[in-house]
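Two complexes, one shared chain (chain A), two partners (chain B, chain C).
Here is the complex of A and B:
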């Protein structure tokens, strides 16, 4: 049971479909809900987190805002390709506070996790924190 | 006229030529038979030539005939001998050829012939060339040499008996008669021509008059044309015409009046003449009625009167002559300066002579010198007395005038004094009032001034009193001072004075120096301000540099930070490369997917159909759009609604106005 920042575990965000200087992608995995990554408009948006080694992941906890539909993929190879679908989820709309959801990944190890935000409640979505539980 | 003259000249020439021909004929008749007679036909041929050459040829021919009057024996001689007849005639042998062969006779170029007076070149040589070969008889050069007549007509009659000569004479006589008849006819013709000429002259005169009339008419027409060309109006023309008519009438009237006047004058003259005659008759009657002695006296008197009149006329003439002479002389005189000078000198001479005469007369009237002297003395005395009396009178008059002027002044003063006492008083009062006013006006100021003066005076008094007291003290001291001491003191004083002067100069110098120094000080102060500003800046820089020094002194830290930075950057790089890898991989994947989908799509029939349909749709839509546009444009073109509306409106308005007009008419 590790509920710390992913960055300290050697995880990295290797891909984001949007980039804002003031809100870099590192803010996703720094374990702080005050900092966030924000999309720059349009859907779908996605980001990929890479782990240093294949890791067993059971649940993903996400603090986001304005995300409507989320899809998660994973792979076990070193390269960021050949993802296989894991799960998808419809999130509720929350006004004035973060959406905090725990998503179970059905076990299994992974080196890359791909989060695809296919729809949002607004033009822009933000991801504040992503944490895993073994 | 010119032409007529020319014709007359021609006629004369022709006549003379004919006469020449006749003479030649006669001469030829007299000539021996064997001599080649000058052919008349040749002459006749030459008649067609020009007149001038004709005349010359005639002359030449004559000279030729003169030469051919020699005995016939010499004519038959060979040319060489006959050539010797001409003195110094060294003819060239070419000219000696017999005439048939002498196609061209070098007439003008014969050398040596110039010695013959009145002979031109190419003088016909008597004998063989006795035929009058003239320049004009020469063959027509333009048509070859066929025109030459030789003058030799084959063999002539050999036996010359009486009958032959008779025949010859007869024939000649016949010729003469024909000639005379011809001349008569000519004379008649000339007479006729003369009469015709007279008639022509008359006609010419009449024609000239006609021409003049015509010219006048032409001038009129020209004027008319001018008027037409210049577009003069009818009224102007009429005006001109009227004016001219009036002028003409006036002139005609004046002429008539002049004529009548002249007649009147003539009548008057006649009447006067008659009167004179009557008077004379009366005078004659009177004379006849007088006694005989008186008649004689009268006759003598009349005679003497006539004589005197004649004399008068003569003298008048003389006078006129003299006058003219005088004028001439004056003219001459005016022209020559010397004569003028002479006249001037004469005038001066006359004036001088007159003067001389006058002086001589004076001289005669003068007496002896003593008497003269006495007389002069007396005169001088008288003059002196007169002068003295006049002086006296003058002084008296001056004294009187002075007295009178003084009297006048006194009188003036008296009158002024009498009149102006009141005025003077008034003036004085006024002056006083003014003074008082002025005083009142300037009272405050003057009071202030006076107060100031007072205070000043008080101060002065105080200072003077102090001075006095001081001086009194000094005096007391001075009283004690001896003469020596005084001297010393004086010396000291002098020295002190000099010192004072020096010190004053030094003070002045010092004042200037102090000023300068003050300026320097100001400058220095300014500089100080600047320097302080600079100093603060420098201090700031120093502090900043010191802080920097602190940071820079810690080289390790710097190095570590740099390394950290480097590390971070490297990490960034690695992460970014990873990102890149991830991106590329993802991209590849997506592309593959995309390709697959595309292929799938292509494979799909419905897609193809859809694409075709879409294309068709696009096309149709385009067509639709075009048609719509076309329709719109056409509808716009054929949109008569507005026009119709306008027209209807106008019609309605017109109807309304018509109805109104009708109603107004009815009402």
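Here is the complex of A and C:
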């Protein structure tokens, strides 16, 4: 199944812990791995994606760089609060090319997904694409 | 325009002037305490530094740790993943300079193999007649450790901003370098 870009499906990045005008958070969900959002120092870092409506998600695929440890939380409420833990993962270091990972979310629907990057392989980490399969 | 955030460890022997230095920097030079008040844990100070010739800034989260050995263990719990290092010694105290190697080793254990930009600061420059450490000697050791060297007087408020500006610039340069690298990455 082809992943469609999340922004075209009405999803939004509603919060990020870092912001650089040159690398805005929309880059996470534009479906393009050449554009990215980058953290601007210190850990943890996080971003929250909101779906237009409760969405069934089985797997999230992520293209990132220098992310070491990642936690994913979700909720089914209208506000970006009160998250429940879904999964966590230690990613491999891939020097010179993007990290590409498919992470199973154990099914269930969500209106918000929260990604917490607790550690990096460098001071700065980048997220190039997040997409979902249901 | 980007606002970077850096966790900056301030460390070195007891009474070399770490807290004095950070307070002078923090308050733009209107506070120097003559009476020694030992830091017993970690004191956090945040100050934003604007990078010259850019609209970018770096927020320095300065963690001023106790220098006293017995108090250090609890401080070290907060040293994880530093962004920047500021090692201070007392120019009038040879031993505080000799201990710098040990301080670096101790801090390196928290850096997880990452390159962390840093500075070495020789403080109490005003006490020139009691000077025990020569500039050339300190500079040479700093270089061997990849640190930039500065001399300051917190008492006379000489040069106290310089180490922190150097650190902020180094972090900003690192960020730009990384952005460039990431821009040119191949697909996964």
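As a convention for this text, the second predicted complex is superposed on the first by the 132 of 134 C-alpha atoms of A that agree within 3 Å, B and C clash if a C-alpha of one lies under 4 Å from a C-alpha of the other, contacts with A are read in each partner's own complex, and residues count from 1 in each chain.
The rule is short, and it goes like this: a residue touches a chain if its C-beta (ideal position, glycine included) is under 8 Å from a C-beta of that chain, and two chains touch if they have at least 3 such contacts.
Values in this document were obtained by computation on a predicted structure and should not be read as measured data.
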Clash or fit, chain B versus chain C on superposed chain A: fit
Touched partner set for A:80, first chain B, second chain C, both or neither: first
Touched partner set for A:63, first chain B, second chain C, both or neither: second
Chain C, chain A and chain B - angle at the middle CA centre, rounded to the nearest 10 degrees: 30
First, second, both or neither for A:42, with chain B first and chain C second: second
Chain A residues touched - chain C or chain B, whichever exceeds: C
Which superposed partner A:22 touches (first chain B, second chain C, both, neither): second
Minimum C-alpha spacing, chains overlaid - chain B and chain C, in Å: 5
On chain A, the residue positions that both chain B and chain C contact, one per complex: none
Interface residues, chain A side, partner chain C - complex: 18-23, 33, 36, 38, 40-43, 63, 65, 94, 96-100, 119, 121-124, 126
Residues of chain C touching chain A in the complex: 1-7, 58, 61, 81, 83, 114, 171, 174-175, 178-179, 182, 185-188
Chain B-facing residues of chain A, complex: 12, 14-15, 48, 50, 79-83, 112
Chain B residues within the chain A interface of the complex: 575, 578-579, 581-583, 585-586, 588-589
